[in-house]
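The two complexes that follow have subunit A in common; it is paired with subunit B in the first and with subunit C in the second.
And then the complex of A and B:
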């Protein structure tokens, strides 16, 4: 937050001088979370439209590069590794299931495992049996594609600040978003509550263990949390929560009709999509149109909520660039697929060696853009100056290449 | 008692959106055989993946469109925090699942609409805290929401041991149902298209059901889901009465049912002055002063 303010101030002061302006735009700050999500969804779309293992591996590598260069030190930023592990598990699962349950016949026999017939209730299914290269490779390609999409979403999780994202929810979801914010803020306080109740128990000489102790701690903590919610509600009331704008009855009816009509369209579209005799117009187009109409109704309903925003996130050039990189990568991959489908979807039978075309490499290069185009992540802003001295020194050494920011108590 | 009134329009939206959402789980059973249809092109899973979050958002927006009372909202946030804190306790230990227990009890006490919202907010907050955000999250949120909704719809007159027994039974049933639905969602993704347990497009529904039954029995029903059902039922039986009492006490103190009336500017000058200060309706029973005093005083007496 501090960085944003100083950045804006120096832009105003130096307007007219090119290089300084550019460096001001690159001052460390948190990017709009929506930009990271657009980028990640673009990459996930690109990954979903190819099974080329080289391209998928490159996409994973690029995602990891951007995450490592641009993530902050918030707890959600450290979970990227978990998504990588989960991706590996998915690939392993696909391959192992292919080996156990068969499927995808091929000519190049890898190994022949003994077959295990199953009892009658699982009739028609055999375990193990011959394992072909094509079969394992098909599972690997499929799993890699899914894992890459997952890793892309994991990157968005690591890079985007969920609390900022909750601030940007549309007005109709404002109440639910507030509840989630309350939950996120209260959860750490529960730990403190548990410690307090335990201390009180010890002071009273209660040494019970097991079930009794659990009840003796859990119930007071729950009661404490419930009391806390009442106090919180009083605080929210006194700060004017729940102020709504007067919406004319006609408009309310119109939004209701939009939501209902849209949902009827969604149901019809879903039916058309799954119906075997469905005609074209009752499928996907109907579904998408219904969704669009219902969402419009929802957004209109949100106008009832009136709220002011404290330091809203704005879409600046860096945000547009990052989101554009993701969308461009998706578009380039789709284009590569229409130019040379057999290279983007390399066939497993006959076995072919996957190749990478210049178009795919261009998509990957564009996807890597945010590693340099996005401003560096914001430094922790809520640290008291006295504590900040050693910490910010340590951080400064890792970010020596970044422009100097006026950190409280940091290096000069 | 119902903290969040479900208007007829909301009920219709809930039903329509739930029906469409159910299709995003069960599509492998109904997918047509002929290859030129959209559903066969491999886009279907992606379409549903995009569609479900929108549907969940629509339901949540519709449920809260009447405006959530600040007390209900704070209760929702705090209970979601407790749920989110409970969730990691069981993670990693085979089949021990601690989320549903409080969800079922809270849905029972605070009503179906609140239960639905609590299911969604709990899983969303928990995913944000433990960084479990992924394509599965909207599906988990919806399943948990259905569980909370169902708990609120149980017959209201039950009390005492029957109530706990019914809730425990419902908890076990909901745990199995949750496992089954999540398996159903994960089925096409975990297996891919052409193993012997994968769905076959255009095959009779019973045939695909059989394949799915074998898949879910092999992978999770006897391990994870049974563990989850047992944990939930046992937790409801052991802690249910005490937690129900705590929740009901909180509901009484919050006085959700109290009619909100504002006193007209009458002859006494003191009243209209007090109203804008506290922001609370004048006629409503006031739990306020003692709560606030107890809270701002730091640790309760006897713990210092």
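And then the complex of A and C:
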């Protein structure tokens, strides 16, 4: 019965064939979320290795350009503005803190605020007092660097579909990914139930306060949620969730032990690495060994999971280009830092105008690449919810003024 | 295809088993209808087919169920996913992903089908069910009928040989239900899928069924041709009742069958006319609403509606899902949002009229009582008795008021039962009793007959008529055409927040095939609506046809 279905034959975009290869690759589609994250992390790395305000400002501008040109219209894509605002807040905070707990180093006095005298035990802390340009500028540079890194991560959030990222988790973590997806869809349902029950309780004349109200709302909502999760579990079970390849119990236990043991090793290793008094073997070697064991366990566990992915995101040339742009930008900035450190970290004292070298400009230009190299975003993945239901003919004919549709038998 | 061999299911050791020694066979390509009262074991039977009973629900299953050669004793539901597709009552609670396309692919991903096959089947299924334009839509924004079709599509993509549907149309308006059932019959005829389908509203499906499995409620399953089984079953659609009345054999299952035999009956009825509905007593309205507007972000739910409700009359509010019925009821009651418009009810305590919206919640329910779509939302105590006592306290009524009302509505409901263990009909009665304790002159019921079987519906009709006779003004929002024909004095049809038809039941229901009850379709052009009317007309002078 497989092939008796009527309907559209499988028409697939014949990408990568013939002379129009390049234009086919640039058809609108969503880019692999990993590519955007690599690009964004590359830019964030570049930003973390400089305090040059011109370079940082250019990086923010480039990030914004790419986001504006390549984001979709999904809700998360609109959050980029929020990251910009947050960045501005960070800069303002850094500057304000420098003014309050100034220190007054620097020769170019901007303004002199009255100092608040502190008791002797608070020596070393100064409140207000003279404000120097160097001091404010230092705070500004610092804040700008932090803000730029934040904006880069915000760009990744705006450009990469978080759900597609979850779908790209390795097989062993598939169950965790599913749980997260289900939880994400259940949360709004829970809110809906609470609102519905609260509204319904008014019908019994209940006012919404106190322990009794809590009980009156919580019990129906929880019962509802329980019913719904049972229905969901039954549905998932009958649709094949959790089908596994036949694995002997011994091997199952072994993979479990490997993953758990490995994770314990990772914890111990991290602790050893951070705790300088620990013995040597507890540090890096332990961390690496634990990591290796855990990864082996996960790979083994992943082999048990037998499932496939619908329309998986693939690493295509565009993805490689985008990720490459980010990494190249980071590498160029690092290189610029080793060539001319005083230009990448412009000193605030003595005051100097920040300069931009050709190498920095190249890094920025490369970072801007995805604005043109990445294919345009796909068709809207989530249209605004339409509440109106398509009008059906049968209903339309019930309008009182309409000519009456004859019933069988010819009543008119 | 499906074989039950002496199957007995027990959930508890002492209680009666829902299925007892059931032996039956469903052959390939059959559309098999499962009917029976609420709680008769329909869901148990359906869930046994893919092993959810007992693997998921617990309990003990004796005997064996074999589907396409696989024994459910050794294959849990997930291992039967490639043969049996199950669609539940509420599609939304069974969705795992959040867009249509991903939901269609989910089952195939679990079966590890290659990506190319998945891509092809998703496209085919979108076309087969006519939902291609919905492919990117989030599932939560779909209408009920669309959701149900997506749910069917989501199990079809794995190409199951058997499709199990548990009340697929219970929450749908008549037109959406038609769509879903048309899809199901198309699957049976074009693809040879075996379908097992449970449904309360037999009038919608029985004509398409090849077999009828009737569960009388004592653990047995009566198995046979639909017409033969329905001949002596107390659970019957109006057509079958009409057929019994007229003495037709075999019983008609579709309007077409019935019309072809009804010539004699139409002649007999030619001289009589159905009794006029109780003519409207010119009383002052019990509730007057003017220019009601309810808006939600992005949509107008109710667009300036005028409504008069009179004591002693039952008004049915109809219209497709999302046409604004619930919003109107909530706005009139005063608990829901209302942007403009006025509602007035005769006031107590010396005032002429009051608007329930301006009263406290406790006062408003003394004027207008509303039973919401999910009545269980109002119940939160452990026992029926506790709920009744709480209801008395809330309204400062004398002790036992609520219990007395409940005994009138649903006699003999055990007081120590947990409200969640009641059947749908019993729970509805309890909530209605709780709301009536406040003695509101106006009673609004939002979709009260969801999940009620014919007998429970008959009781419900008697109950509502009793309320009307006692001087209440009643509004029932419903999709159920047959219920409206039996119950209402006046019908209002809404669409897109507007009233599109308003008139006596006969006027509105006879004007359109979508709203005409079966009896009207058979006996048109004469204006008969219900079997009851025909019985009364034929009653004394009736000769065997």
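We take it that the second predicted complex is superposed on the first by the 250 of 412 C-alpha atoms of A that agree within 3 Å, B and C clash if a C-alpha of one lies under 4 Å from a C-alpha of the other, contacts with A are read in each partner's own complex, and residues count from 1 in each chain.
The rule we apply is simple: a residue touches a chain if its C-beta (ideal position, glycine included) is under 8 Å from a C-beta of that chain, and two chains touch if they have at least 3 such contacts.
Note that the coordinates shown come from a computational prediction; the quantities given were computed from them, not determined experimentally.
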Touched partner set for A:240, first subunit B, second subunit C, both or neither: both
Which superposed partner A:216 touches (first subunit B, second subunit C, both, neither): second
Which superposed partner A:205 touches (first subunit B, second subunit C, both, neither): second
Touching partner for A:115 - first (subunit B), second (subunit C), both, neither: neither
Touching partner for A:307 - first (subunit B), second (subunit C), both, neither: second
Which of subunit B and subunit C A:139 touches, first, second, both or neither: first
First (subunit B), second (subunit C), both or neither touched by A:181: both
Touched partner set for A:342, first subunit B, second subunit C, both or neither: neither
Partner chain(s) touched by A:107 [first = subunit B, second = subunit C, both, neither]: neither
Shared contact residues on subunit A - subunit B and subunit C: 178, 181-182, 185, 196, 199-200, 203, 215, 219, 223, 227-228, 231-234, 236-238, 240-242
Subunit B-touching residues of subunit A, taken from the complex the two chains share: 48, 75-76, 78-79, 82-83, 86, 90, 93-94, 97-98, 101-104, 121-122, 124-126, 138-139, 142-143, 146, 149-150, 153-154, 157-158, 162, 170, 172-173, 175-176, 178-187, 190, 196, 199-200, 203, 211, 215, 218-219, 222-223, 225-234, 236-238, 240-242, 244, 256, 259-260, 263-264, 266-267, 270-271, 273-276, 278, 283-284, 287, 291, 294-295, 298, 301-302, 304
Touching residues (chain side subunit B, partner subunit A) in the complex: 9, 12-13, 16-17, 19-20, 23-24, 27, 30-34, 37-39, 43-44, 46-47, 51, 54-55, 57-58, 60-62, 64-65, 67-71, 73-82, 84-85, 117, 120-122, 124-125, 128-131, 133-135, 189-198, 202, 214, 238-239, 242-243, 246-247, 249-250, 253-254, 278-280, 287-288, 291-292, 294-295, 299, 302-303
In the complex, subunit C residues that touch subunit A: 47, 50, 52, 55-56, 76-82, 84-86, 88, 90, 93-99, 101-102, 105-116, 118-128, 136-138, 140-141, 143, 154-155, 158-159, 174-175, 178, 190-192, 255, 259, 296, 298-299, 319-323, 330, 333, 335-336, 360-365, 369-372, 374, 376-380, 391, 394-395, 420, 434-435, 438, 493, 495-496, 500-503, 508, 510-516, 520-521, 524-525
For the subunit A and subunit C complex, residues of the former touching the latter: 1-2, 4-12, 163, 178, 181-182, 185, 188, 196-197, 199-207, 215-216, 219-220, 223-224, 227-228, 231-243, 306-312, 379-389, 391-392, 394-400, 404-405, 407-411
